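Okay, so subunit A shows up in both of these, paired with subunit B first and subunit C after.
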Partner chain A sequence: MHSLLADLELSWYPTLTELGWFAPELALVGTIVVILVAPLILGRSALRSARIAFVGALVTLLLACNLVGQVSTGGLSGLAPEAAAGMLILDKLTILVKVIIMLFLAGVTALWVLGSSAKEEFGEEFFVLMLGSALGMSLMTSTLNLLMIAVAIEAASLPSYSIVAFDKRNRKSAEAALKYVVFGGISAAIMLYGISLIYGMYHTLNVVAIGEGLARDLAAGTNTVLIGMSLFCVLGGIMFKIAAVPFHFWCPDVFEGAKIEVTTWLSVASKAAALVLLLRLVDAFGNGALAAGESILTYNGLAWGIGILAVISCTWGNFAAYRQNNVKRLLAFSSIAHAGYMMMLGAVFTLPGSSTSGKPMAALLLYLIMYAIMNLGAFTVAAIVSWQTKSEDVSAFSGLGRRAPWLAVPMVCCLASLVGLPPFGGFIAKYWLLLALGSKSAETTLGTLYWFLIIMAVVNTLISLFFYFRIIRAMFLSDDQQPEFRPPFFGTAMANLCAVLLVLFGVVMLNGPKDLAYRYASDLYMPARYLTKQVDSSDAALVATEPTPEVGVATAGGAR
Partner chain B sequence: MLTYIVFLPLVGAAVCMFVPKQLVRGVALLTTVATFLLTLGLIGPFVGAGSADAAGLFDIFGSKYGEKMHFVQRADWIVGDNFTIEYFVGLDGLNMPLVVLTSFVSLLACLASWNFDSWKVNKGAKGYFALFLLLETGMLGTFVALDFFLFYIFWEIMLLPMYFLIGVWGGPRKEYAAIKFFLFTLAGSVLMLVGLVAMYFYSAEAVLQNPALATSYRPDVGVLTTGTFDLIELASNQAIQTYFNAENTYFLAEGIKFAPLMFMFLLIGFAVKLPSFPVHTWLPDAHVEAPTPISMILAGVLLKMGGYGFLRLCYPIFPSGGHAWAYFLAVIGVISILYGALCAMAQTDFKKLVAYSSVSHMGYVLLGVAVMTEAGVQGAMFQMIAHGISSPMCFFLVGVIYDRAHHREINRFGGLWLTMPKYGTMATIGFFASLGLPGMCGFIGELWVLLGVFAARETFDWAVPMAILAAAGVILTAGYILWLIQRVYLGPEKQEYAGYPEANGREMLILVPFAALCVLFGILPKQMLFDYTNGTLNLIVKTMATAPAKFGAMAGM
Partner chain C sequence: MLTIGLMHYLILSAAIFCCGVFVMMTKRNAIGILIGVELVLNSVNINFIAFDRYSLVPGFDGQITALFVIVLAAAEAAVAVAICMNLYKNINTIDVDRGDALHG
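== the complex of A and B ==
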């Protein structure tokens, strides 16, 4: 006797409030539509679409900031029925990552306006694809559902393939895009296979629930081979986006072949989204283990696996960068190495609710902020130099200290910061990364792994010195008497702004970015069921003794 | 006061960027003079420290390491969720002389840069003087910082200016020398970074395990409840000391003892700076390629950071590590002395010879602290200051003749004393001081170190043979320096150099203070230095002697 109306009422609709939670994504979609429609009315103009994209990015950013007040403990899950909770989530973390990505998008857009707007015919298409990949990345950071993860990664990847191939008269660009597509397609297939295996085992796509099941199985010692394989497949898909060894082969070619704006974009944004996703997964697995009443140490193997791959990534990236002559390739390997540093944090499990729960994630956020600034600065200078000299070799930088000191000095700051030298922001970021690794060394038997990671991270700092300083050496220590040139004002200003920020965040305003990262890395989304679990878990004692105000909010109800 | 001193050169550096080119060196000189005068004010509280009060205590230094720090300034800098990194500076007998030495050498090095316009690479005067002053800030900051994190920041801040000063304004192989310097120093300091992180977490664990002992040296803190970066706290808190130096505190894996390993991590960084064999190879390259004033800074101040680091970080915090590695360090020290001297003897490049003599001289510092006796540590400290005076002088002497001859081949010189009598006299004083002639500054340091090594014969049965070997180093030193003087300054006047002008007023202005100090330190060691430093040094030695655990060396040494 069900009427059609009753059936409709039973089924699920998003409410306006829920839609409001995802206003940033909707704004991105809206911007894409505007960019597509504008030429039909006003005629094609590359510069106009860049402006629209810039404004769209800022609007998205504002909308994201606007949501801060609405997020409560444990985050929110929206646009999905209760049964699929975690499909799309909103917590402080997603907001901050979206803000970072959007700021970076605005920066890259500005770079594009400086370098390519004059000669580019297909501005509309370019920005539709850019914003499309930005949408995919922001989705990647806001989900705990395996299916959504796969969709988001594809949404971020497909436009990326096309923007890499955008310079279609360039052979290298086409080759790079093909490599990217083939590699990306295979990774996606492998990832989906892993997801299907996991779904077959646990009949759920919710990552926390899966973590619960995994912990039980691992503790009991059943299905270990299957689990290992499926986890490798799933994480492999994410590591493809991170460009961690051994999923990095596309990275140098793509970075070299793509236009420098695209390289800048991919080097930070896609890695940022994937790294946040990886850490969120690890965090969710840890929560699942506690919910299952198992020790977090059941995930020992996963921690070692991620840690070892991270170490290999940064070591390999740093050594390979040494042999590169092309600045874009060099920075590609540098980005592999930095992804390795950040991935080390994936080996640290967080106990939910404890004051340290934010720590690895906070360290990651801080690192991402600094990394975005220093990479934007370095790529801006590299772009200006390559436009000026028509060469992307390290030798193009020779004598830059004399030819354009206002470019060379910020470049030194950015490169020294990439090495991780004080007094620049890169050092602070690396230092907090080390602290986050060390913070768990005393509590778990994974201490050996964490100290090993710390030592490898600092040893890699040393290795990386070589190749970053090749550029500095070219700029100041050698001079082939090329003419001086006047760099474009806005590009110079952007590079100098990045350098000033790095110095500020490295010496004077150390607390600001750190506190921001800490505040926004706490209270990650957890389904309600798991939020209550953590209080009566075996770690409740630990939760209660940790004296921080932030935790007070998170656990006050149960623990005190 | 300390804060003003540290950051005054930074202000000068900023001013350098914005004044016209002709004024830059004036600004730099003004800044270094002002800094030097300010640092002279730091000596004040230490005057009269040599006379003990009725109870036999040196009140100025307190009765315990770290109890009495002067000119202390502290403020919270980075506040984490359960730790605080402080801006914490202060002076005691250990760093006061080094701060004064730093500003003194910087001032004279700035004077030595006065003829910048006539250098081979004379572009970018603004950049040169700005980096020079930035370097001075880094050096002063490193000496006065008492928070490990702050110390590390200042330590690393010195790297970039030095890299550019050698790399841009250096000699023909400057690129190689600059990156080698950078690489060696960074290699040392990354391990220090591991130590920085590890010491924080282990100190947190220590106060957690043993709150009864965790009373802080600061009354306003009371009982310490969190980890700390405070170097004094790390060295004086009983809970931390007990835990750090315990037999069963492991790092990285079961069986690897914490104290010896951390001691080594820190020590490697300092040994590179010192520099001791086998990580000394950057030094000759850097010195040969660096411009004269930078060589002066490098030899006069940067090398002292190594010795200072031993005495501020390694020994007070990990005394048991010091016991574990004593033999190893003494051997390295003696090898540095002998090997450095032999290398110096084989050099034909004037500047390289002086550089290797630095390796040899700094070997005494390592040997002196390794035996952990009062005389040994006092001698090491004296040797650092003495070398900080004589070695920049020698480098400047080389620079003076290089400006005229444009080569540094020892064998092509000869009879310079006849050509330039004033310069020759100064050179003789400088090199004799370096040789360790009694009555000159070099003698006291070496003698004290040797006495200290003999004094340790009860504790270490290898002390006497070690002292004999080190004493042999004195003979080698005499050998290469006398031979050098003979080849360069004595003998018949050579036609080639006959027309060379005598040292001018500016050059004498640099040489005379150095020469005067060489002699003063030689004949009044107590009044010039020991009175100011010994109180603190003896307290550090006392700390070492009361190490909670004195376990044997790792790896059976």
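== the complex of A and C ==
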């Protein structure tokens, strides 16, 4: 087999080791196949496909964890014909985000079993689409190639459009899906146009090499308008997935129209993947400036742009949330605001080296984890309430403190955490975010921007206090004597688990292992500059030259 | 005798891009908007292939990307048309302005 392929002069094909690096994605694909084939043999059963999806998510998670050993420091750039920079990157950051996404997928699957498994007849199709979008998202977190970025975003988007429209007889769901697909199609097309312009300027799709070229051009002042336009197009496509202002128009409508499980899924997973992608991209640009020997402030404009969009997202999300009566819409605007907080870190990542200095990376990951937990908890309670009362309004929560205290208490924890109050996890997440912004504020001329971001984050936290408390007020202070209801046991358990985790994180991380976390976060990321190392194609040693022996980066090209 | 060069292709692609954006902004019919998206994607393909053909650096990245873009466009059209049909079944129109059950 080996020699046959060699005779065909195939320049590259994956070895088993390299396929092993791809194992989590392969496991997801395998799960999809199993879900599709199982009904042919065993007959259709929505519940069974949910179980298969749950197990598949956990297997993917384990396979991802299994790879941690292979990427001791830095990471691998693999699965590519060129040795220099692969289509896919494997580093601890990718693995960690995959773990977060898979855990969240398992949680959403459990939520679906609670709510829809009894009446849903197309469970197989639902989970095929769900896992398909998870596959796209996990690819989004692990690439620095513009073609792969476009493909991964589409791979995450197309199934998402379909699962939003899944409730076929529901008019709202049909409209939401139309809005989603129209906005998504437009932003994807414009992003591709931006990519084509960038390709024309630098004749490469590798973001690191592009970053160098951009830095040179920006420093020399050539092509500035063209660069600004094409970067806006590309980043716009990514911010569409994050749902940052001004690319957020789809978000509230889609969140309201979709089933609540789908809303939960979209609110965290697609944002997390797109944020990691954005930060990788921005970091690669910063490192490109370093590699090109230009000033690290070449990307000042980019940092300001991202910072200001982040602030607008926060403020707009928080103010618009006031007018909402529908809980899903309210949480949609809340998710826009939280995306804004996390995007503030994008302004930090434009400084080269900030991705490996620990603080910003630790802040981002802690925020993502906390956000996933508190959103899962809040949406679980909202889902149970809406299933029991057949209403998604804030008023449906009235008297919940009396009617179902075991739901009301975790909801308070999750909402307080979304605001960012101690002693919950959300407080620690925001605190670390501010620390990360503050840590860079003294270093460069970007200090003004970072102080501005810090102030706006604090002000926005205050603004957000009130609309989250509307739900809490409805639960405890207003009671229209509606009948009690008995919430399902597993749903209550899930909501309470989220609340307990939030408290645990909030208490433990407050004074606890901050330095440890920073140290751990500092080698999560494969610095983009390693990706540009040219590896001689005849060189089978496959290890890029590094000053320290333990910092080795294997590239796939040599591993034939 | 006029020789066709990179600039001609770029102007063609920019013109198609502008047409596409214009269609996307003015059409109310969802299918019309999708046609605008397809126009933009075609301008992307022209760009990629022209850049590859006239580049001094050898490489096929652009042509391969164009193939991927064609596939992405087809996949997206399939999903989008299915969603339009679903909407038509529900409210008997695919006019995006008439979708007003969600106020956003």
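Everything that follows uses one rule, which is that the second predicted complex is superposed on the first by the 485 of 560 C-alpha atoms of A that agree within 3 Å, B and C clash if a C-alpha of one lies under 4 Å from a C-alpha of the other, contacts with A are read in each partner's own complex, and residues count from 1 in each chain.
Here is the rule we use: a contact is a pair of C-beta atoms (placed from the backbone, for glycine too) under 8 Å apart; a residue touches a chain by one contact, two chains touch by 3 or more.
What you are looking at is a predicted structure, and each value in this text was computed from that prediction instead of being measured.
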Touching partner for A:Pro422 - first (subunit B), second (subunit C), both, neither: first
Which superposed partner A:Val68 touches (first subunit B, second subunit C, both, neither): neither
Contacts of A:Val33 with subunit B and subunit C, given as first, second, both or neither: neither
First, second, both or neither for A:Lys168, with subunit B first and subunit C second: second
Touched partner set for A:Lys179, first subunit B, second subunit C, both or neither: second
Partner chain in contact with A:Phe452 - subunit B first, subunit C second, else both or neither: first
Residues of subunit A contacting subunit B in one complex and subunit C in the other: none
Interfacial residue positions of subunit A with respect to subunit C in the complex: 147, 150-151, 154, 158, 161-162, 165, 168-172, 174-179, 181-182, 185-186, 188-190, 192-193, 195-197, 199-200, 203-205, 249, 252-253, 256-257
Residues of subunit A defined as touching subunit B within the complex: 355, 401-402, 412, 416, 421-423, 427, 431, 434-435, 437-439, 441-442, 448, 451-452, 454-455, 458-459, 461-462, 465-466, 469, 473, 476-478, 507, 510-511, 514, 518, 547-548, 550
Subunit A-facing residues of subunit B, complex: 77-82, 123, 152-153, 156-157, 159-160, 163-164, 167-168, 174-175, 178-179, 182-183, 186-187, 190-191, 193-194, 197-198, 200-201, 204-205, 251-253
Subunit A partner contacts - residues on subunit C that touch it in the complex: 10, 13, 17, 20-21, 24, 30, 33-34, 36-37, 40-41, 43-44, 47-48, 51, 55, 57, 59, 61-62, 64-65, 68-69, 72, 75-76, 79-80, 82-84, 86-87, 89-91, 94, 96, 99, 101-102, 104
